[in-house]
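Before anything else, here is the set of structures, which you'll find just below.
Both complexes below contain subunit A, partnered by subunit B and then by subunit C.
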Partner chain A sequence: MLTVVGYPFALFFSIFSFFQVGFNIDDFKRNWENRKLVTDTLFDPKWDWAIENASLALLETIQIAILASILGCFIALPLSFYASRATNQTTFTYVVYKSFLNFIRTIPDLFWAMLFTVAVGLGPFAGVLALVMFSLAIMGKLLSETIDSIDLGPLEAAKASGAKHTQAVFTSALPQILPNFTAYFLYIFELCIRASVILGLVGAGGVGRIIETQRIFLRFDRISPIIVLILIAVIAIEQFSVWLRRKIL
Partner chain B sequence: MSVPKQPLNQRVLKYVITFLIIAGSLWSASGLEITPERFLTAPSKVWILITAMFPLDLSQEAIDRIVPKVGESLFIAWAGTVIGAFFSFPIAFLAANNFSLNTFSRVTKQILNVIRAFPELILAFVLLPITGLGPLTGTLAVGIHSIGTLGKLSSEVIEGIDEGPLESIKSSGGSKLNELFFGVIPQVMPTITSYWLYRFEINLRASAVLGVVGAGGVGAELINQLRFRDFPRAGTVLVVTIVMVLIVDAISAAIRRRIIKGRDIKV
Partner chain C sequence: MIEFKNVSVVYPGGVNALNNVTLNIDEGDFVIIVGMSGAGKSTLLRTVNNLVKPTDGDVFIDSQNVTNASKKELKKIRSDIGMIFQTFNLVNRSSVLKNVLTGRLSQVSTLRSVFGLWPKNDKEIAFESLNKVGILEKAYVRGSNLSGGQQQRVGIARALAQKPKVMLADEPVASLDPITSRVVMKYLKEINQELGITTIVNLHFLDLAKEFGERLIGLKDGELVYDGKVDDVSDKDFENIYGRAIKSSDLLGEDD
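The block that comes next holds the complex of A and B.
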């Protein structure tokens, strides 16, 4: 069934999509002359301007990512136990928590940011809340699936020796998933650093705010050094997290 | 009976990590001027926004505007994924160290890393003056970013193949090309296809936000309705997007499971 229906359908849908998004060679050629607008300025970076104006905002970006990933991951820790079959026998609460986690995962990070800027006002706090939801969603999914596959033996042993359910989970399930939790946390922290860069585009704080104002005036000569600074920061943080992961795990 | 103590370095590590986490969050919170009160008052403020969205604006005019935009996001995501899959497939073979020359593989991998480092939104607004306001820009941004991520994932799949089938093809007189078509591709195709679908799910979320910079899709609709304080219509945009993402995720996850696990064989 998959081969007979699937491949032709995929092909048809691809062609249809390309028509829908408007692949038009003539337009492309006409716009191609505009490339000078970008290329002339993009490769003429104004370093002094960027370092002077963007370093504080970049620091703000990193702070948003740190705070949000820590909060999001630690909120996700208890929720994940409720959203796993292995540690939650009550079908009703299991379904509720699982669907909650699935639901927040469907809303993209920037949509969260837009919603929170309306709800709590412009600024980094909205960005923090947006990334809390973002990291909560990812951590909840990854961790609850890890809990699904834990070794149930220790849990049973703890219960057999008289532990209550919560105690059993604390002493036998939690230690099993802590290494995974740490690894996921570092991974999510990296994702948050990347995501926090663009939050400013909707007014949720960080370096994106400066990118947004320069973007409107097509000042790519000011944007390109900021992008390079971001790349350096992201790569440095990734290296640090790789090092830490090797140290801990 | 006493519980044996953990080794000293592990205990120290535990304290260091706890300290890092607390210090990190305090430093960040003070730098951003975020106080606990703001967290406590946030839920009520969010609740006000949610109640403002209901009842949703389900008028014919709103639906006629929103559904095509959500569809546009879907097409951007699919077309972008196709671009990513089409170009990343050959590149992945160049990047896999068991297939291409060592230096070649290292250079290709570095190029993929650089491509991956740029978020779709930044690619989108750099492309915007060249490809114009509209879904084409979003498609290209999503596509270019996908080449980076899919290239990396696919090359890792190719690096992890079982060499046995290749050897048996070689020993029965097959050429290098035969090895590729009958030894490698059948082995890697299921995993790589499921990565394509997985990327499509991610791209769907990415293409939804691209409208913020004017690169097509539903994002522009949401940010405009929120700016004009038309909350019921913003709510409709959100709900339609969520429903679309849920449906696509479910279909894509079912196909991925089918590809990886194969057909159920009844005995």
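The block that comes next holds the complex of A and C.
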């Protein structure tokens, strides 16, 4: 069945999409001549300009990511317990919190950035707020699903001894998910670094703003060193996070 | 002290776990409940602290109705009942001391327990309990780094830390080897005799029941089929409870 119908369909659909999307050999040939505009400047990096003008902005990008991931993840921590059946038997609040987390997840981070730049103005504050929602959404989903699969035994034991629900959750459920929380946090932190650069393109602070302004003037000679600086920063942070992960877990 | 009055439990899905059980347990009794898997032992035990709510009938402790107690009353009742489990139910990542301290949760404010600010008195009680089961030196070891027998002793210490009037043990030795099982049963017996704590133990190993028991309760298909002294029990009585001849899997045996 798959071979008779599936593969031919996939082939036909791919060819159809190819033309539908507007892939045109002539366009490609014409624009290939423009490549000189890009390559001439791209491979002539202006390091001095980049270091002088982009360093502070790069720092801001990283700060936005750090602040947003910490805030977002720590807000998500209590919310996740309410969004999991294992620790929340009250159907009403469970549905409310779970729906809230699901809703937050459907909105792309770029949209949050646009929303917040309108609400609180251009700049890093909007970027932080957008990435807080971003971090909250991811941590909420990952953590609440982790909580769904914890060992319920210790919780039962705490309840059997007369402990209050909050006490039982803190002493018998929370310790079980702490390693996961830490791992997710480090992952979300890395995602925020990359997202922060992109959000800068729409004016949410950091180095993205500079990249965008230079792009408009086709100053790829200034953009390429900035990209390399970002790359170095991302690699350094990822190495740090690997080291930290090994230390803690 | 503990009265079961016509207690029946039907689980959602129609499973008839307990059928009209009426039973009286006196203060200081050491009671062993035997029966096949699914006979209702765990269910019966859990009606004592209302982890399972009877669909019919009531359970009374010192004339107080446990089955219909309010949330607040239930917490108070439960704080006087210690429970140990077949799978130990320790928080694996936490230290032994932290695990035992969770037995004191009902006596400590939420704020203190959340931040781990245990009063000196409660810490002392925790250490005393660990000492009673002979593993004081393991206080700061992670729960999961202990052997099964040691973990169960931590479970007993946790229950002891509550300073309970009643001790419930749900198949406490089912996952332990013969020697360790006897060590754990010995501790339960000692605690019952020295501290006068009313103890109910679920077992499915018959020789262990005969070795340590005083009063024996037999359950079959959710009904009470035997209630008497352990010394009066014959093999015929056991066969009655199990509905078949005794197999070697019903006996714990000696160490190999």
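Heads up, the rule we're going with is that the second predicted complex is superposed on the first by the 229 of 249 C-alpha atoms of A that agree within 3 Å, B and C clash if a C-alpha of one lies under 4 Å from a C-alpha of the other, contacts with A are read in each partner's own complex, and residues count from 1 in each chain.
In the analysis below, a residue touches a chain if its C-beta (ideal position, glycine included) is under 8 Å from a C-beta of that chain, and two chains touch if they have at least 3 such contacts.
Everything numeric in this text was worked out from a predicted model, so none of it was measured.
Student: Can you tell me whether subunit B or subunit C touches more residues on subunit A?
Tutor: Counting contacted residues of subunit A, the larger count belongs to B.
Student: Under the stated touch criterion, which partner chain does A:162 make contact with: subunit B (first), subunit C (second), both, or neither?
Tutor: second
Student: Contacts for A:118 in the overlay, against subunit B (first) and subunit C (second): which applies, first, second, both or neither?
Tutor: first
Student: After superposition on the shared chain, which partner residues are touched by A:170: those of subunit B (first), subunit C (second), both, or neither?
Tutor: second
Student: Looking at the overlay, does A:75 come into contact with subunit B only (first), subunit C only (second), both, or neither?
Tutor: Neither partner.
Student: So, does A:183 touch the first partner subunit B, the second partner subunit C, both, or neither?
Tutor: Neither partner.
Student: Applying the document's definition of touch, where does A:191 land relative to subunit B and subunit C: first, second, both, or neither?
Tutor: Touch partners of A:191: none, neither subunit B nor subunit C.
Student: Please report the subunit A residues shared by its interface with subunit B and its interface with subunit C.
Tutor: Overlap of subunit B and subunit C footprints on subunit A: empty.
Student: Across the complex, what residues on subunit A touch subunit B?
Tutor: On the subunit A side, the touching residues are 2, 6, 13-14, 16-18, 20-24, 27-28, 31-32, 34-35, 37-38, 42, 59-60, 62-64, 66-67, 70-71, 102-103, 106-111, 114-116, 118-120, 124-125, 128-129, 194-195, 197-198, 201-202, 205, 211, 215, 218, 220, 223, 227, 231, 234-235, 247-248.
Student: Under the definition above, what is the set of subunit A residues touching subunit C in their complex?
Tutor: Interface residues on subunit A, with respect to subunit C: 151, 153-154, 156-164, 166-168, 170-172, 175-176, 178-179.
Student: Can you check the complex and tell me which residues of subunit C touch subunit A?
Tutor: Against subunit A, the touching part of subunit C is residues 49, 51, 74-83, 85, 87-94, 98, 102-103, 105-106, 110, 113-114, 155, 158-159, 162.
Student: Could you pull out which subunit B residues touch subunit A in their complex?
Tutor: 13, 17, 21, 24-25, 27-29, 31-34, 38, 42, 45-46, 48-49, 71-72, 74-76, 78-79, 82, 117-119, 121-122, 125-126, 129-132, 134-136, 138-139, 205-206, 208-209, 212-213, 216, 219, 222-223, 226, 238, 241-242, 245-246, 249, 255, 258-259
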